[in-house]
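Letters A, B, C and D mark the chains as written, and numbering starts fresh at 1 in each.
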Amino acid sequence: MIGLIGQRAIASLASLVVLMVMVFFLSRLTGDPAALFLPIDATEEMKQQFRTLHGLDRPVLEQFVMYVWDVLRLDFGESLRRARPAIDVVLEAYAWTLPLALITMALVVVAAIVLGAIAAFNVGGIIDRGISVVSLIGASAPDFWIAIVAIVLFAINLGWLPTSGVGTPWHWIMPVAVLFIRPFGLIVQVVRGSMLSALAAPYVKTARAKGVKNRPIIFVHTLRNAMLPVITVIGDQAAALLNGAVIVETIFGFPGIGKLMIDSILQRDFNVVMAAILVTAVAIFIMNILIDIAYSILDPRIRQ
Amino acid sequence: QDNTDITVVLSEELDLVDPCMATRSNIGRVIMQNVSETLTELDVRGDEGLMPRLAESWEDLGDGVWRFHLRPNVTFSDGSAFDAADVQHTFDRVFSEDVTCESARYFADTELSFEVVDDLTIDITSEPAQPILPLLMTLVTIVPSETPMEFVREPIGTGPYVLSEWQAGQHIQLDRRDDYWGEQPEVSSARYVFRSEAAVRAAMVETGEADIAPQITELEATNPATDFSYPNSETVYLRIDSADAPTDDIRVRQALNHAIDREAFIGTLLSEGTELAVTIVPPTTLGWNGGLEPPAYDPDLARQLLEKAAADGVDVNLPIEIIARTGNFPNVTEVAEALTQMLSEVGFNASLRMVEVAEHEQYYSKPYPESEGTRLILAQHDNSRGDPVFSMFFKYHSEGTQSGISDPHVDDLIERATAATGDERAALWSELFAYIHEEVVADVLLFHMVGHSRVSERLDFRPTIATNSQLQLSEIGFK
Amino acid sequence: MTEALLTVRNLSVDFHTARGTVHAVRNASWSVNRGETLAILGESGSGKSVSASAVMNLLDIPPAEVVSGEILFEGKDLLKVSYEEHRALNGKRIAMIFQDPLGHLNPVYTVGWQIVEMMTAHGRPANKARARALELVTRVGIPDPEKALKKYPHEFSGGQRQRLMIAMALMLKPDILIADEPTTALDVTIQAEVLALLKELQAETGMGLVLITHDLGVVAEIADRVVVMSQGEIVEEGSVREVYHHPRHPYTRKLIGAAPGKGEIKQPATDAPALLEVRELAKSYGKFTALKDASFTLSRGQSLAVVGESGSGKSTLARTILRLEKADSGKALWKGKDLITMSPRELLSVRREIQMVFQDPTQSLNPRMSVYQLISEGWDIHRLMPDRKARRRRVDELLEQVGLLPEHAERYPHQFSGGQRQRIAIARALALEPELIICDEAVSALDVSVQAQVMALLDGLRKKFGISYLFIAHDLGVVRDFADMVLVMKSGEIVEGGPTEKVFNAPEHPYTRRLLAANLDPDPDVQAQRRQMAATAPS
Amino acid sequence: MTDISQTNASPAELRGAPALLAMLWRDKFAFVSAVVLLIIIICALIGPVFLGDLAASQNLRGRNSPPFDLSRGWAFVLGGDSLGRPVLARLIVAAQSTMMVAAGAVFSAMTVGALFGLVAGYMGKNVSQLVMRLADVIMSFPSLLLAVVVLYLLGPSVPNMILVLAITRIPIYLRTTRAEVLEVRERMFVQAAVVMGASHWRIIFRHILPIIAPTLVTIATLDFAFVMLAESSLSFLGIGIQPPNITWGLMVSQGRPYLNTAWWLAFWPGLMIVITALSLNLLSNWMRVALDPAQRWRLESRKTGHD
């Protein structure tokens, strides 16, 4: 097992390198950061000065070699805009994103699996229809709607929650709730579908012949068999959250990585983009490794 | 009033707080005159014009030399005294190769040299002579001579407030100083928070989570008790490239101007109070020419002009692409769509392309990319500094980076006006405005915009034209 | 007669399908009392499993519908009790052993967990359950029971799974045990042990046993009474001896007449060329050696039977030859070319010549393909029989040959009984007209009359086209009638091999002798005699 | 020949399309969904031809007219937008680009993802490792950066939009497919197919794919909404589809500032996205049952009558 994880880690490291190289060159195809950092009426000398200062005037290949050299010494460069080490900026933001993603995903996973399984068990019934329609509306409604309506309702009209920002646990309720909705809707549907197939399997009959109660039949016998696609989709949704939740961060003023990433991309703050992708990619790779381990834990036939 | 702490909710996070970047509006709004002060200050509430701040007075010694007499007994927030060396260091820093200070651009073609006469007197020589040097001093925030040649994250200034806390992404806290040289402001501390969503900013003032939201949209500004509109010194226009066909023909440019129903935008897509523009600078600027008329909306005339041009062999069917930037100002997309439609209606082969900021920049500044036909750049220009010099060279001189024309007479007027002083300066600018507007028809000038802000009812504060780029806490009182 | 413990009265079950209603059970009535063993014999597809499912409340309603009848357990009608009440009875008072042990074990849990759950589901403490599981698993003859409990279903052989299922059903010492073909995959020695265990339990707890089986020997050995089902109906009922000696219904007569093991033993042809030569084939799973240096030769037109202990590596042998498992070492020469090292391309072209009927027919049929698609797939693969009409005819013909109806072609696998699925698998193997068919317990789920029909078909094909068979079976009667060579396997090794006559009449290896001795006779009187002899014999 | 069991097959057996339609009719939710989707598809096909001009005709002085007011004609029944254009007409016209982008992105992502997933799951360890790590790269490549790169270099257009969105959605299909293949290929019927001599492709497409297809379809239909909204946020940032082209996503993002004052601008297109997603999913739920022989009875007429 340990050996396997080690092997995976090395392979992931290779992907990380590929990713970083791609990002490095592709991002440099998208325009000149000097023009964006400096005011619109900045002179050419100022732009030149900016480029020289940040090494942007050198050939891209040379920049790349320098970057690699720095990274090997764990120096991820300065943010072009913030005059701070890019990695600091990113880690600061990630310290907000990570708990947000984890809390949301934890809630989503529990709620979606329970309701999805219940829907599958009552397939075609009123509970199934109810859960499906509600979750689907959640999954397809524009999230800024939900966010703004939530603010109007809970912060302005009812005054129960603060409009936005961070600080107290109360501040987290709306962002988590809004982020919750889409992955919840998606995963409910995937759980439902996968459970439907699994519930038709003969071992369910065995369990019933054994006199096992419905709840363990659903949540113990069948669910585990239905989990393969479910955890894959959970992984996909978690990856989206680990990449930052732009809308929610924007509306609720949540200082996470999503907004930072978008701003840095739009402003061509290359070092921050690189550092942000490095951090999110590491998180996503770790998650994917965990998911693959989960596959083999869940299904002994996959273990090799 | 017991609670004199306020919270200001801004639309954009700060990535820097360095004083030499204070001319960038999001930074200036927080530190300009609050943390760091300038030698001179432009009066935007009354009509006093240029006022003393850290310089008590100044005089033109001739030959491009200006003498500034500095205010005594001023200390920086780190305790050190303010003197002429600090002024000199400030400028050394602005022009340093090691920091890319924004304020340097205002001195692009002038060479400054300094001579410290005594602790509180400094002579500044500019080459060529800079008649508006004292005005330019409103743009340079003074830092102590210990400030390193790199961006600082804890700005030290002479202002009434110190930056006491900066949680990136969350808030910035300014606290009042006890040893400020001037009158103690009423606000004891200000916390700046950042929310990009206008609706949320407005809501925060409504729920009491914030006291001032300097920029909200017109749509949010629905409560007369708290919401104010103010001219925000931004001017919207369509930049024409008169090197391209078919806009190299003046009749085509005129047709563009007459094709647009400017009035129709006001009170609909743009706020009530928006004014039609005849110059690229707002009316509060020196030399603004009140005699100019906005081009009348006359689609028939526009069609006739096009026909005439076509008759002379101008290919008026060449594509005209309007390039606009998403998020440039509220409703920019709709405005651009409406403009496109109006141009199409009179027979232009117009199309619209909305782009993000980096791409917009490509089209906006020279060298302009090639195109079949031509491009009209929808852009917004901000000049709240009181003098057209900050605009005219860039926008109209044949060497200006965003200029769409190349006209020797315009170049000449700009150069002369820049060097002139007093009434002559105003007259030259006026002449330039009229010439550009009527003879050259250099661009499609559209609107002077208004901004909206929401101010809590417990505050006594009215936003001004400068609110866009600075928000002096000392101007805020409590009811 | 006093009120029976479990009485099924006038039970009728229909299945509604798109192509009409299937009357699976029609007015069936039977009952079983405490301490009694009722054998349900019958045609494959005659509704035995369906009626058992009805008792356990396992029918999917719809598409199934209980049209009439009642199922009385201790006087209560199980068709009327609430779901929850029924659930509490299941497993604890009435337990069931399913016909198809692989599908009915949950693939993702260890068998130990699944067996223990039988007790924990009814509120018994887990440690006690574990002790009992260990005891029972040992009793049904699973080697290394401690470790076995920690393994997953796919790591067991077909017979082992069946035994695990039996152990599971016995956990709570139920009052009624419904055993649906519980010994189809067991060799006769283990079968004897299992039957002994059932009897013992019956003596201990007065358990009523409903035994659904095709094996007349098993009936003779253990049953008290017999009902015979045909086409959904009960056609005959009586004591074992009565029915065996004086069958009244023509079907019963046919059934008893078809009991295998009475024909003449064939002599292997001596001059046929070798078709498959297996040389020192070995395979192990981790540390466990499933197959040790197996060597044998199969000539063209020969039928080679492989018998042996359950779990001795018979299926592994077949699967390794077919490259479904990677062999550790050894060769399998097909017409001189080694299958084990053959390039994938070459292998593909050989595939058509060797077909296999898997031990677990249900799992080997794609649930999303209709019977027609399943049978004709081989033709698609090898681009045979392009004419649709001809195909249709051939499918109908094949179905009829294995005792199914043409209209079954449009149904899907889940709509069939265990024996019917097995026949679909056989029809599929035959469709390609291969040169060798590997049959892994291919007729174990068939009642003896259908079995006889299928065996006759296979034998006919052998004569006509020279098809060879590698025939894995545990039913010595069938082997005796069908095979001309026999291999005996034990613990991964071939312990004995030779012409059928020699192996049956002059067995050398002690295991072979044990095996033959344990064989059951369909005649209840003979069995009773043997039992007596065994009891009086000095141990 | 033994007569096994009797069936009284109904005389008028339904086959093929009529059978499917009958099954559709039995699930009323799915039936309504199918009708809704049909309408949307028709709008997408003919909308721009018939209503293109109406949808583009501005009237600044009659902007943001509220919905349910018939005085300005049927086109304004859902209100007018911020340029005074009829929302209803715009919705209909926008259906085309919307559907092209969403369907294009989802289908290409699903096809490519499933294909690579099948290969990764079915082939040896090394191929699998390679494909999966590549998927990791795509998965952690921020979609926004991809959008900026592609649209900056190639310009915003419907095909480029499809490209961007499709690439970002590939990993989910790839990973799901692979995970399922790993399990399905261990099943006995796959081995039975191997024995019959089925080629890899046949095994993959005839035996494995049908088992995992329902899961893929479920995800794909959910992705429809996801893609429409993703396209909306890209438009909002200035790197997606831009006016004068219209999509529902663009309409949603343009209506965003008016949420408090003219709710109908963002509401109707948002509702269309929800309705489309809902319909697709209800239909895919139906399909999951209809295509599974073991579940199909749920949709077949139950009472063929017993005698």
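We adopt the following convention: a residue touches a chain if its C-beta (ideal position, glycine included) is under 8 Å from a C-beta of that chain, and two chains touch if they have at least 3 such contacts.
It should be emphasised that the depicted structure is a prediction, and the values quoted were computed from it without experimental measurement.
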Topological distance between chain A and chain D, in contact steps: 1
Of all other chains, the one whose Cα centre sits farthest from chain B: C
Length of the line joining the C-alpha centres of chain B and chain C, rounded to whole Å: 88
Chain C and chain D, separation of their C-alpha mean positions in angstrom: 46
Averaged-CA centre spacing for the pair chain C and chain A, given as whole angstrom: 51
Rounded Å distance, chain A centre to chain B centre (Cα mean): 39
Shared-contact residues (touching 2 or more other chains) in chain C: 154
Touching two or more other chains - residues of chain D: 148, 152, 186, 237, 259-260, 292, 294, 298
Residue numbers of chain B (touch at least two other chains): 199, 356-359
Each pair of chains that touches, named by its two labels: A-B, A-C, A-D, B-D, C-D
Chain D-facing residues of chain A, complex: 11-12, 14-15, 18-19, 22-23, 26-27, 29-31, 123-124, 129, 132-133, 136-137, 139-145, 148-149, 152, 182, 185-186, 189-190, 192-194, 196-197, 200, 228-229, 231-233, 235-236, 239, 243, 246-247, 261-262, 265-266, 273, 276-277, 280-281, 284-285, 288, 295, 299, 301-302
Chain C partner contacts - residues on chain A that touch it in the complex: 201-203, 205-213, 216, 221, 224-225, 298-301
Chain A contact footprint on chain D (complex, rising order): 29, 129, 133-134, 136-137, 139-142, 144-145, 148-149, 152-153, 171-172, 175-176, 179-180, 182-183, 186, 212, 214-215, 218-219, 222, 224-226, 228-229, 232-233, 237, 252, 256, 259-260, 266, 270, 273-274, 276-278, 281-282, 285, 288-289, 292, 294-295, 298
Chain D - residues contacting chain B, complex: 56, 58, 60-61, 63, 82-83, 148, 152, 235-239, 242-244, 254, 257-261
Contacting residues of chain B [partner chain A, same complex]: 13, 15-16, 18, 23-24, 97-98, 100, 102, 104-105, 108, 150-151, 153, 167-170, 193-197, 199-200, 203-204, 206-207, 209, 356-359, 361-362, 364-365, 390, 394, 401-402
